[in-house]
Amino acid sequence: MLEVQGVVKHFDGNLAVSRVSFQIDKGELTALIGPNGAGKTTLLDIISGFTTQDEGMVRLNGADLSRLSAWKRARSHTTRTFQHLRDIKALTCLQNVQLRVRGQVGNSLISAIVRRGEWRKQEQAVADRAQQILGGLRMEDLTQRPAATLSFGQRKMLCLAGALAHDGDLFLLDEPVSGLDPERREIVAEVLTSLAAKGKHVLFVEHNLQLVTLVAQRVLALDRGSVLAEGDPKSVLASSAVIRAYTQ
Amino acid sequence: MSYALHLSTVIAIYALLACSLNLTAGFLGLISICQAAFFGLGAYTAALLLRGTTNEAVFVAAICFLVGWAAGVALSTALFRLREDYFAIASFAFQAVATAAFFNLYPVTGGAPGIAGIEPLRFCGISLASAARSSTSLAVVVGALWLIQRALLRSPAARVLAAIREDEVSVLAAGLDPNRYRVALFAAGAGLAAMAGAFYASYMTFIDPTPFGFDESLLILCCVVLGGSGTSAGPIFGAVALVCLPEALRFAGFPSAVAANLRQIVFGTALVAIIILRPTGFQRADRGRN
Amino acid sequence: MPGLRVEFVQTLSDCLVSGGLYFVIGLGFGMVYRAGRFFHLAHGVVFTAGAYGVYLFTRQLRWPAWAGVPAGLLVASLLGPALWFAVYRPASRRGAGPLGLLLCSLGAGLVIQHTISLAFGDANLQVRVPFWSQTMAVGPALVTRAQVAMVAFGALSFASVAVALRYTRLGLDLRATGDDAGLAATVGINSESVLVRTLFVASLLASTGGLVAALDTDMRPTMGMQPLLLGVCASMLGGVGEIRGLAIAALALGAVQHFGAWWAGIEWSESFAMLVLFLILVIRPEGIRARARRAT
């Protein structure tokens, strides 16, 4: 269960997030919608620890996340994708995905030198898993391609692959289908549904209301930092407050 | 023959220095201009130790490494928040403070005249005073460092380092702390540079503040950049070029002072040329995004 | 205690002289940063080139002062724009970021400084122009005319740059580019042209500073290093690109340097300033009047 309670955040005097509270159960695929500037990405930043809230609390499965820095949260709990694509151009697709697998012995400098036997064994398993994930996203022929040569859509899928490799309890995805062609959108929709089925907490920001209606079990509508409506997709999208916010 | 051995020793010392800087400047793109300050720190520490406390090479080298390491940890922890060009300026300031300390802390460093009559290191009872023995022991150290760097570049950690160079946020999102890597590599580099200082003090038996200043730091940086930053053998080639160039110029008939100036000119030009021609690693963050 | 009072006033006047020098250097450095967003560390050799340029024309080529001085200063002032076309622009076009340009400036500075060494020798050159070396009494302290000139030049630079930034085309364009280069471009401001002209003005300031300094103390190829270091320090302290902050910072640094030297001994003067720079970068890199944002 992800619990967000009374979160408030100011930026330069502007109220970006205003007393937002909600809960997400594991397996409950939740969409976060709202017009631009509503505070959706800020909220994701706060939950994942990239921004510190002024007030309020974030808890995952009872554990208070506020005391953990972003990388510590990522190490144990949160998986995050960003609007601004964060693939590493100097690495190949396969390496990009391998990078994000948690708990690798060979990641630490000292272990890389002295525990070579251990990480060599692990490396094979990591490579296999990365290969599998890329295959699941129909990217098996791109494994050795340097990320610098990919198209936008391919890079976006690569970032999703990285998230699947990271595999935290809580998935925070920022606009996972924006800019993707219909074929890829379908793949992403399947991925989201299967993540929820596996019991992950999934919160994704989206502007594509078609996708939201298709896969989301719950929707949170945000505008100007506050929750306008929450509930199942049909009722939220039909709510007059939400319609007003989008058409203003 | 003895001249060639002397040259090899000097090359080995600078190879060690260049490799030490490569750990951060090469692997992480974290440019600093103070490697000579750590070099000096180690040299003066060794001079003090060798003046009656101990001659044992392993012990002295270890102490100097630790002194350099501590200075590196302190410096990088204080400065890791800075943007890369501000960080370079800060290292520049640290170098200036270190140079002032070397010149002015007369009771410890002997000031401008320096310290003479330094006893050489001994390894298992064998004195390392001669060029042959110094260069051999240094070659072993540099060789080991080369192997370690190669091992690192072939390990999963290499992926992490590439990510830290390009996009710190993605490293954080992967559950890793980029600062741990930065501090560890910077401190290791500082420790190794200090160790080079110990060998230098032992071999030269005399040190003064001249080789530990800003000019030297810049030249060591040039070694790394010109030799190929981020590769395991590149800095070694850079060091060979750095040491051999003025010698070659002297053989060609240029007087010593001219040769020294020409070397700086060549290195300065080469540095600019590399940045213009192969700016990988010094590029704008948004470069190449499609 | 008359002796102490004399020393105090003497130290105070030294502060003003050094402060003037650091202000002049930091001013050019800051303006280039504002226009181009990078650290032009070759600025120190432009200072040196000013002194040697004038030396070349007046002493070696034996031109009369009214011709040699402007000629020397012009040649040195053109170094700034020359560096843009020869070094910074090619690097920038190939994608070099602020760090790459900083390294280029170091490399270029190395080349220029050692070329000066080759051409004029490494040793100190004593340039004594009787008019400027003449000492005068200002209260109980003794200063040379050259030192007075430095302070006057510093004040003049402050006034003229402050006025230029508010009332001239270049000044307004510079401020616009410094605030938001992209936006400035949309209103037709050519930021490259602004940068080139700024480099020229900055180099003019630095080379004049070098000439005045050479009239006061000896000349040598490395003479630009310390003023550059301290000018950069004053820039960082005052906030790179800020003029009033720079003035305060330059005077403060002069004070730290000379009063520190009075207290601990002359050898330590530079170290105190360096320590200040170091601490500023650790604690508050934006300086006392924050302007330039630091990336996380």
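When the chains are written out, they are named A, B and C in that same order, and each has its own residue count from 1.
Note that a contact is a pair of C-beta atoms (placed from the backbone, for glycine too) under 8 Å apart; a residue touches a chain by one contact, two chains touch by 3 or more.
Computed from a prediction, not measured in an experiment: that's the story for all the values here.
Engineer: Quick one: which chain's Cα centre is the longest way from subunit C's?
Structural biologist: Farthest by centroid: A.
Engineer: What is the identifier of the chain with the smallest separation between its Cα mean and the overall Cα mean?
Structural biologist: Minimum centroid-to-centroid distance belongs to B.
Engineer: Would you kindly tell me how far, in whole Å, the mean C-alpha position of subunit C lies from that of subunit B?
Structural biologist: 30
Engineer: From the C-alpha centre of subunit A to that of subunit B, how far is it in Å?
Structural biologist: Here the centre of subunit B sits 42 Å away from the centre of subunit A.
Engineer: Rounded to the nearest whole Å, what is the centre-to-centre distance of subunit A and subunit C, using the mean of the C-alpha atoms as each centre?
Structural biologist: Once rounded, the distance between the two centres reads 50 Å.
Engineer: Can you pull out the residues of subunit B that are in contact with at least two other chains?
Structural biologist: 288
Engineer: Which part of subunit A faces subunit B closely enough to touch in the complex?
Structural biologist: 48, 50, 69-72, 74-76, 79-80, 82, 86-91, 95, 98-100, 102, 104, 106-109, 112-113, 116, 119, 123, 126, 148, 151-152, 155, 162, 166
Engineer: Taking the complex as given, what residues does subunit B use to touch subunit C?
Structural biologist: Contact set of subunit B toward subunit C: 29, 31, 33, 78-79, 81-86, 88-90, 92-94, 96-97, 100-101, 103-104, 214, 218, 221-222, 225, 257-258, 261-262, 264-265, 267-272, 275-277, 279, 282-285, 287-288.
Engineer: Could you please specify the touching residues of subunit C with respect to subunit B in the complex?
Structural biologist: Interface residues on the subunit C side: 38-39, 87, 90-91, 94-100, 102-104, 106-111, 113-115, 117-118, 122, 225, 229, 232-233, 236, 265, 267-268, 270-271, 274-275, 277-278, 281-282, 285, 294-296.
Engineer: Can you list the residues on subunit B that touch subunit A in the complex?
Structural biologist: Residues of subunit B touching subunit A: 148, 151-152, 155-157, 159-160, 162-163, 165-167, 169-177, 181, 184-185, 288, 290.
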